């Protein structure tokens, strides 16, 4: 049991990092990583949405879709759930922290279509029935840890990009180009964790 | 005094340079620093050539040449001033050579040199701006691209000039129990050129620390952490895990701890940061060595910690002399 | 207070080159034909001009009067006529108004100040007024009016007087020779300042590379109940905050004055001038200045009148043997490079220095390799390399957050940088921009 | 068939439930947004130059809507833009003359004494060292802090002298604040003839360091006759921008140092300075 949790957490954060080894959620990874502050905000939002979406979707999946044999509706229903959750986060954020809301800009609604969130939820639903991931708490932990992995990559990357801002990068490589190069090297570094679990 | 007056010369004001203080500069330049590091590496280079023969020399020369060529080619192409004389490309080349094995084909050396200089350094704007250690970018890139070539090691043959394809496993790849620490200290083990002689590397490290070119906290914490973690693992289960001495004296740990983790550009600037950096490198190295699928984790660990450096730097901003908390609010 | 001085963190050890002039006794400079006395020689408000073109003045008579509390009067260096109220390049390179006096050669005395024979029984306020009237400023470099430092505002108590004889700047030996040859004056000045502050004693801090000066001071110090403290040789040992830490172990908070930790720091040259002003009634019209540098024929230490043209000083030193790269007023670490020979000796000119071509070539700035040498040597414990990057990208808000305002501009970081980055200049810029930003905010 | 119905009902209920929750939360956390701000931002040029004194166009739009600023404070907006914004907000726009920047110095490298300078290549830093390493205390340092501050690329550094290309200048005044020597002023676009000197020193002192300084010979004042085109300010003549002279004055005055210049010709580098 405990080791299984360990596998989920370490696996989701380091080994099978959503961004750097599954290559999911690249859009916000590149888009919101210009500044560490926004990256932190985005990480918070993603952690919140991903954990909640995992929980809600897992519940809906095991208590609604599976008993009613509606598994073929999974993708559809999950998207609706994620979209509504994002909507909620957006409304609340706008009220509570207008500054963060403005700096996240278009990327907040984009979490809706963030493949990392959907990917996580679908992975939960598709996991073997006997694995811990198929239970609602296992799914929640997996969602939370995947989001942590996403946050880790995002924060590392944004601090690197802040540093790159001060660098004398050749004009042709300025901006996204050098960011992608950096992301590639970062992914290489994460590859070292393979086989840990 | 009056009769002297005509002969007294005064400065020509038009030739005076104005600049901001200070008007004195300390002696070290980038160039001198780089070549001191090369000098510190010389013992290890000599041992490598002694053990692996001409093939090692060939690898080192090829790597250095390709790095210098890549640097100059890029400078020409980008119309930047020539920069190989600052010694950084030469150092990168030698370090890269130390990270390859003696039987590495020529094209691996050339490819590695270009990867290191172009991808690892020049794309970021050259010396001083690269967030990752160029040597490790090249090494990890090659390791992922050509895992077979990069993990077959030639057996060192003292005095034999030339290699005839005798291969040996790195100590970390052997089953626990088969320890041969004396060989490892001297360098009579398989591995990359720079992974062999602990003694030579230690001499180099001592030179670097003596000249204050590296922060001693990094190698100390790096090696210390590896020793501690692998020691605990060994105590828990000596059947599965190597003794900590094997871990410390083998693989690229010494090379990494003294020559690569301490790379000025890609390590933290403060001493506090150096403690954290060294600890992180040690932790990840141990994790990968003990449980990962790669036998060696030093490169990955340093590369990963390189990515953490901006965050470490940010969180270790020290308080200035006479700093008082602004909340105090005295009259 | 322990007797062992503390060593502040950081610092550098540049080649001090003091041997050029350290053994040369102080010589009295001859009377020159004309003097150009710069009007504004103190930090704070410029004094009010009292003379006009064609007036005759006597040695020591008032040329200008203090225009406020943070302002000091100015006295004529010799007798003669006012030739013009002209402009000369000031110490920062910008032309500033000056009073040009043509000496009549008589050097006739005419100071309004009477000697105060028995200073030990004289009221502290009278002594302080005398220091003000004599126009004494901090002669170590900044030129801060001495009397202001001796007037702690209400609510602040001063319990320690420190005299700065560290002379940590390479090349300069003026204070060294002063302490050696006029030890009594220095100690007497210290005793007078202590009396003004209501203290029993004072401490003279001297770097250990001047053992003869320490010995000379020790011989007379006990007579006036003054202590002499040897200090480790480390640049910038003579910076106020580092000196206070070395002597007392107190840290002056960022943005605060020595007074906030109960200390008053005066330069030894100022102390000697104060002694002269009180006991001899001599206003601040002369000072000891080191004229040195490898290109000079005969470097040495001279007692110059204020307003002596630098060309005359260089002639006294025998002129040059080769074209120097730089002409500096002050020491090589914090002195200011001049582009003109028309500058003059001021109250705070501790040195006239020529730097040869091989000592300083025209360095080009290279990218930072993050070696951390500047971080190690910064006596204020800030992060020069990081701040430099912020300034280069015009991120003065970052620079402020990284405590650039704590910088004392000692130049240790630029000195030690292997990439020859103009760190010090960048920090000066940042400080000015941040202050301008604060003013804008109101 | 029944599965389809179940599916529709299930998803329908789910959707309705989520809809209700969002509706309730949206009501509870409602934030009011003034649409007009966005509209005005759209109408502004979007240069984000800060010439209006606000932090970018969106901030300025906020100011305009809250009536703490008037639309014509935007230096970049054309009169039509200003009119459009005023029209949208229902306020009256004021007409104003377009102003352009002028660097009041003609001391380029061949014409002025400069000392060797080693340090940060930036005026605001250079001025900290010996006042900028230039013979003239008042002249252009030529390191291009103004050019860097100009978001429109209207300032060029030619031979160590900043030159404004009037046709590109929109009058945002960013350069005025950037110059450590306070050399840059805003002048009406219509004015063509300027005195390219700002040194209040005596003629002889200026001449010693600069071949193109205004030596206050007053030829231009005389040439303009009764018209009062030029003002005397100590040892310096200035153009009277209330009543600026036309380009013909340059020829009529025959300025001996060519400090009096026509701006477009100056930008082309047509003046050589006093030959000495």
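A, B, C and D label the chains in the order they appear, each numbered from 1.
Methods note: a contact is a pair of C-beta atoms (placed from the backbone, for glycine too) under 8 Å apart; a residue touches a chain by one contact, two chains touch by 3 or more.
Everything numeric here is computed off the predicted structure, so don't read it as measured data.
Counting hops only between chains that touch, subunit B reaches subunit D in a minimum of 1.
Set against the C-alpha centre of subunit C, every other chain centre is closer than that of A.
Across the assembly, the chain pair joined by the most C-beta contact pairs is B-C. The centroid of the Cα atoms in subunit B and the matching centroid in subunit C are 46 Å apart. Rounded to a whole number, the gap between the C-alpha centres of subunit A and subunit B is 34 angstrom. Inter-chain centre distance (subunit C to subunit D, centres taken as mean C-alpha positions): 42 Å.
One simple way to say how far apart two chains are is to compare their mean CA positions; for subunit A and subunit C this gives 61 Å. The set of subunit A residues touching two or more other chains comprises 166, 168. Shown for subunit B are the residues that touch two or more other chains, namely 13, 15-20, 125-126, 129.
Touching of two or more other chains is recorded for residues 115-116, 118-120, 128-130, 133 of subunit D. Chain contacts in this assembly form a complete graph, since each chain touches every other chain. Listed in rising order, the residues of subunit B touching subunit D in the complex are 13-20. On subunit D, the positions that touch subunit A within their shared complex are 3, 6-7, 10-11, 14-15, 18-19, 21-22, 25-26, 29-31.
Considering their complex, residues 36, 155-157, 159-160, 162-164, 166-170, 173, 178, 181-182, 185-186, 188-197 of subunit A touch subunit B. Within the complex formed with subunit A, the subunit C residues making contact are 367, 389, 392-393.
Taken in their complex, subunit D has these residues touching subunit B: 113, 115-120, 128-130, 133.
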